[in-house]
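First, the structure itself, so that you have it in front of you.
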Amino acid sequence: MKKNYIRPLDIKHGRIDMSHGAGGKAAAQLIEELFLAAFDNEFLRQGDDGAVLTLPAFDPAQGRLVMATDGHVISPLFFPGGDIGCLSVHGTVNDVAMSGAKPLYLSASFIIEEGFPLIELQRIVKSMAAASREAGVPVVTGDTKVVEQGKGDGVFISTTGVGVLPPGVQISGRNARPGDVLLLSGSIGDHGVAVLSQRESLAFETTIQSDTAALHTLVAAMLAAAPGAVRVLRDPTRGGLATTLNEVARQSGVGMLLQEAAIPVKPQVDAACELLGLDPLYVANEGKLIAVVAPEFADAVLDAMRAHPLGFDAARIGEVTADPHHFVQMATRFGGRRVVDWLSGEQLPRIC
Amino acid sequence: MKYIDEFRDGDLARQIGARIAAEAHPDRSYSFMEFCGGHTHAISRYGVLELLPPNVRMIHGPGCPVCVLPIGRIDLAIRLALERGAIVCTYGDTMRVPASDSLSLIKAKARGGDIRMVYSAADAMAIARANPQREVVFFAIGFETTTPPTALAIRDAAREGLANFSVLCCHVLTPSAITHILESPEVRQLGTVPIDGFIGPAHVSIVIGSAPYDHFAEEYRKPVVIAGFEPLDVMQAILMLVRQVNEGRAHVENEFTRAVTPEGNLKAQALVSEVFELRPSFEWRGLGEVPYSALKIRESFAAFDAERRFDLNYTPVADNKACECGAILRGVKKPTDCKIFGTVCTPENPVGSCMVSSEGACAAHYTYGRFRDIPIVVTTATEEATP
Amino acid sequence: MCLAIPALLVELRPNDQAVVNLGGIRKEISIALVADVQVGDYVIVHVGHAIGVIDPEEAERTLALFAEMAQLAPNPAPVVPA
Amino acid sequence: MKKNYIRPLDIKHGRIDMSHGAGGKAAAQLIEELFLAAFDNEFLRQGDDGAVLTLPAFDPAQGRLVMATDGHVISPLFFPGGDIGCLSVHGTVNDVAMSGAKPLYLSASFIIEEGFPLIELQRIVKSMAAASREAGVPVVTGDTKVVEQGKGDGVFISTTGVGVLPPGVQISGRNARPGDVLLLSGSIGDHGVAVLSQRESLAFETTIQSDTAALHTLVAAMLAAAPGAVRVLRDPTRGGLATTLNEVARQSGVGMLLQEAAIPVKPQVDAACELLGLDPLYVANEGKLIAVVAPEFADAVLDAMRAHPLGFDAARIGEVTADPHHFVQMATRFGGRRVVDWLSGEQLPRIC
Amino acid sequence: MKYIDEFRDGDLARQIGARIAAEAHPDRSYSFMEFCGGHTHAISRYGVLELLPPNVRMIHGPGCPVCVLPIGRIDLAIRLALERGAIVCTYGDTMRVPASDSLSLIKAKARGGDIRMVYSAADAMAIARANPQREVVFFAIGFETTTPPTALAIRDAAREGLANFSVLCCHVLTPSAITHILESPEVRQLGTVPIDGFIGPAHVSIVIGSAPYDHFAEEYRKPVVIAGFEPLDVMQAILMLVRQVNEGRAHVENEFTRAVTPEGNLKAQALVSEVFELRPSFEWRGLGEVPYSALKIRESFAAFDAERRFDLNYTPVADNKACECGAILRGVKKPTDCKIFGTVCTPENPVGSCMVSSEGACAAHYTYGRFRDIPIVVTTATEEATP
Amino acid sequence: MCLAIPALLVELRPNDQAVVNLGGIRKEISIALVADVQVGDYVIVHVGHAIGVIDPEEAERTLALFAEMAQLAPNPAPVVPA
């Protein structure tokens, strides 16, 4: 993979700042230069949301194991449309599903701050249990730690999911090819705006709810619609659609050209972004996916998506291009064209 | 959204673009400076440049409050947080502006400074009320648009007796900056920067009105068109400028009549003069010391002036040597003229302030437009999938 | 610079506060900086404050001007491959 | 499993306090009444450190999947003999190994506090990578989140491990039977004392180092020594030997009788405990295991342990008894007998 | 460890046990109160009871500073943390003692109180130095052993001028408590608690010496043997008490001569009287108000007295009705006489204070000895595995 | 009550501080509360302070007394099944 960072991390003097967790380029650089450098192995190098593994005792021709993990640190813990509990199930189920695998089991590690009310913990755990039941992916093992007040933030939940990848399914961020079609399963920015609306200093009223949802059945429907057609699946979470597409462009060594007019954004999401100076392309989603699909099957896959309750707003939003610079570009609704770059730093509300 | 969507219509835009192409004389070139970052942002984000004929060139001006904030001012805010233990509240825009010692507010926060992003000056007051035992400083930046809310916060804090609240005032003034550019040797004497006209500020003008620009049109013989920040507003303003140039006129015209009157928002102006007075001189990044170009807090509100309260001494700090921000802000250079543009200086690791705000000339070009610098190789699905 | 947006004023509240509706979201803002605004006005909101008001007639006039301009122009080709 | 809690959790008014994370009875009650109640499924009900799972596509006769997770929140992050990095590998590798499975893959979720020095992060990650290489268990997927200063504590690391359980291996905390022999792999309390020695307010000098180590090769040696002989394996981490044995006694519905004189404790560990008023039986270990073994094979297993570098101090420390009260009792070195109860609350240094 | 391991020898213990059995008259019973929790703990942890003949019975006394701390005192400390924003520093022992409103210090900490466990009073001073803008209160508990370190901290704080440091003094006195028990109706008149002798404190006596006990031996005709806290010390003291009883003597004997002298630690005593003076009365859990049984900070160190500094008013709070701690502390009842022992009241959820400290009579019995209350069914490997 | 432990004093430090060694661990304690302690003494440590000193001769005497007691006693059977 092309080194994309002009200046290496200043490991000697540098410190973690919020941008390292915002899912943009700083986060990608941290992972590449610090984590990948240390753990280097063929699985991590896949660079996908989940790792595809073989199990020695079992015949790989019957399937492979997929493993994915996500830490959840959201604030506020409860937000319109969900809470950290269901989010922690969906977030990891989706990462397993994005490999094309059927998610089977989850583990959960709770890091709880001293003083956290049991009633809120129960609400979170019940929501998590409901999400896990609904997804059909049980939480089979767990761990609980308590940290002193001021050394945590209510509850952090790290979940890990495993699933089995059926033989023949080959889905990875490395598989996009020029000419492929970009599909998006629905409107973007709902989760991020629902969460922002609860932030004390920004508080606004909206009927927008987080889109948090488990996408594995949608994935199954897409794979069934045109076997072999889906080349890349990715859920555009932190960093939003823009960052996810840039990741894929970089992993596959391609460019992309989006059609702004084709990207569904709810009016309230648009309005909130105007008000705060944000760009919906960079706002987080928790129940959406993008798919890179072979062009000849794009319509079949899109139809399958639209037939699924989590994909009825699905749209063809652009195409993969050959571009040695791996630019994600966008034809604007206005008629111009621009680069859609990685998120740099955190997306902060701004005045100018 | 009413009064927004109508002004983003792509079809109309293309038609106005065609009109501009039709009216612009093919045998001359037109250089207009959009003073405001808001216009820069609209031009980049919507791809306005592609609708313009090649002989109409836009020059990005210094109208981004983040971009013109000198390093020494950020240093003051950082020191208040790290050395004086104050809670420093600030708009999100300033968080990543590079300061001395490889710091920025976001990095100072990571070093333990209590630095909080606020959406409004009123939020900073709420933080002061909630932390009566702490000093809370609002690091106030912005042009005339953003000044009235700060003035209101100071007046309200005084009425309420909010003793632990103060403001580090970095508010600057648009007309002085434009004058400064017009007075600069490059523009005035050497002619290296042929500015044929200005697109005048949108939201600044809501507050100060269109009258303050009359002076430029008369004194410097430059056409000015005040325009809204939507892309159609910009297109229309360009067309109006082309027409003035073609007709040899140099008037102040107002494209943004739906929000800008000649006299502006008098209520806001009154409050601003109650709380603030002119600074004799203020350093702008890129422009250097500009006389009477900024505001300071009046003696009568001295208790809320962080500069007095903490006895702050401003120390100017030189920009990175390679950085061309200054020349870019004066319209003398383009982002791509900077040797470190897009290599050492990127939005993740901005070296100069123009790379910080998405309104900054360098950031706007990097983020939205840099594909133009590179030969385009676009193979679309249509080309490849259909034989 | 100066991100600001026109939003419909839908409710006046005590202490110079008001509620605006922008594309379906509602937010409390301050109207201390503008004189005589009414429910139904489109105020221009910047950092949580109304700093001006849209004049609907002037807006109409500007849009009419655009339309006029459009009449004059030939129909241009799209810039980007579809 | 017998309900052991006289008073149910006061979910309505209760709050998490430090005792809920200390690995004693309060922690066990929280897990049972809040987490288990919500997630209830056959896997969690196993009550072991890892969950034993079947994978639909694969033949269970060839093996089953084991999954275990642990959150690591230790302070200080660096301590004599280790750091949170290697600990987070060992802690989870061991939980997989305690099922008798061969650990194969790890995932890692990092929750990092804003301001954390990159150089310390790199040191941790390198230590983790070294531990993972040494154990032969690669970190195959991960996640990184950053939380604001004052909402974390340097770094938290949640790891999840998967492994394959060979056919025929049946190891669980539910399998202890009266008459079985209790084996311990080495001296207790080293980890806890090494960590305590670094606490600012307690600071003392000791040459004791944390025993943190991956125990899967020791487990493999034990299983090979006498197939079918090992009924229970458990690593006595938080809560120490006492709490772990009580957990097993309760899971299996048995009692235990320990011989104090047989339990290896290093002199400096003993001394630190005397000084601080702690009991080594309750102090945490990170590289020790206890095994419940069929009596006729106890010597064979013990010999195999002693032949392994991580078990050369292994000892037979007691026996499983029939006891409807599930008491863990101990014949004291002094000649008396006493109950060795669950840890209650946190173990705090005391003056009396 | 020298001077420790030699005093834990099991073989010697069994031999002394046999000696006790041999010397105790089979036709009478012996009841001795070990005043100190330290002895209670040693007896439980090492299983000393099993080495004693059945007619020698040990009664647990009130000598555990945590157990005798009344609810109202913990409430004061909790309020300092939760309502007055003070950093409350305390020994680990007090963290879980139940207070009013289902609180304890550990639960108050979970509710946001800044409560910190310290190993020594000097650590509390260090916290005060590190937090000059906060009030830091050391919640001081303990008998005469623990008082001198507190006195030292107060004197050093005064010398150093540590203005934000103060002490909530709950130090109590052993001899007054013993007197109180001997004066109690059950012991003195009704004879319901036949105490044949006392094992005297070990570490308290290092500080105060053995002389203060002479009074009891003479006045109340009870033998006293001061003993170390190792199990052999306890066995030996029991033997010495059996002998005194058998011989009809009532003397103060010292088994702990390796550390206790008749006059005690004069340097520590002098410091304690410099800083503290007697309280006319103090409430003990279980014993009620006991005259001259505790210390308060002298007027000359008033600035360091949290009670004065925060103008604290002590409000007595009744114990849980079912709790028999009081009777247990006076030796009138055994833990198993309490209806809620081991059911509602357990170390995880202590109702009374005797269930908190591992030195408390109830906790010691629950944690180490409750198997004795239950018919023992022990099937060992030897029995099952061999045919 | 009053957890305290004899530990060997191995080093005197300024400001009434000293280092003790207990079974191989070393800890700094205060000796401000005891008069005239020396390196080589076994001080009795409570909450970080020496509060007393072991008299080695008396310790010997006590141990001798135990041994004497043991002579007098018959050899008892262990209480717990082995």
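By letter and in written order, the chains are A, B, C, D, E and F; residue numbering begins at 1 in each of them.
The criterion applied here is as follows: a contact is a pair of C-beta atoms (placed from the backbone, for glycine too) under 8 Å apart; a residue touches a chain by one contact, two chains touch by 3 or more.
These numbers were taken from a predicted model, which means no experiment stands behind them.
Asker: So which chains count as neighbours of both chain A and chain D?
Answerer: The common neighbours are B, E.
Asker: For chain D, which other chain has the most distant CA centre?
Answerer: So the chain farthest away from chain D turns out to be C.
Asker: Averaged over CA atoms, how far is the centre of chain B from the centre of chain F? Could you give it in whole Å?
Answerer: Result: the chain centres lie 75 Å from each other.
Asker: From the mean C-alpha coordinate of chain C to that of chain D, what's the distance rounded to whole Å?
Answerer: So the centroids are 63 Å from each other.
Asker: Approximately how many whole Å separate the CA-defined centres of chain B and chain E?
Answerer: A distance of 72 Å separates the two centres.
Asker: Hey, what residues on chain D touch two or more of the other chains?
Answerer: As it turns out, chain D has residues touching two or more other chains at 10, 13, 15-18, 114-115, 257, 267, 270-271, 274, 277, 335-337, 350-352.
Asker: Give the residues of chain C that touch two or more other chains, as numbers and ranges in rising order.
Answerer: 1-3, 5, 22-23, 46-47, 78-79
Asker: Multi-chain contacts in chain E: which residues touch at least two other chains?
Answerer: Residue numbers touching two or more other chains: 1, 4, 9, 11, 14, 37-38, 47, 50-51, 64-65, 91, 109-111, 119-120, 123, 142, 146, 359, 378, 380, 382.
Asker: With touch defined as at the top, which chains are paired up in contact here?
Answerer: So the chains that touch one another pair up as A-B, A-C, A-D, A-E, B-C, B-D, D-E, D-F, E-F.
Asker: Spell out the part of chain E that touches chain D in their complex, as residue ranges.
Answerer: On the chain E side, the touching residues are 1, 4, 8-11, 13-14, 37-38, 44-51, 64-66, 91-93, 95-96, 102, 106-107, 109-111, 117-120, 123, 142, 146, 231, 343-344, 346-349, 357-359, 366-371, 374, 377-385.
Asker: In the complex formed with chain A, which residues of chain D make contact?
Answerer: It comes out as residues 9-18, 20-22, 27, 30-31, 34-35, 38-41, 43-44, 49-51, 53, 55-59, 62-63, 65, 67-73, 75, 102, 104-105, 107-119, 121-122, 125-126, 128-129, 132, 138-148, 150-153, 156, 158, 160, 162, 164, 166.
Asker: Which residues of chain F touch chain D in their complex?
Answerer: Touching chain D: residues 1-3, 5, 7, 22-28, 45-47, 78-80 of chain F.
Asker: Can you name the residues of chain B that touch chain D in the complex?
Answerer: Chain B reaches chain D through residues 109-112.
Asker: If you look only at chain C, which of its residues touch chain B in the complex?
Answerer: For chain C paired with chain B, touching residues are 1-6, 8, 22-23, 30, 32-35, 42, 44, 46-49, 51-56, 58-59, 61-63, 65-67, 69-70, 72-76, 78-79, 81.
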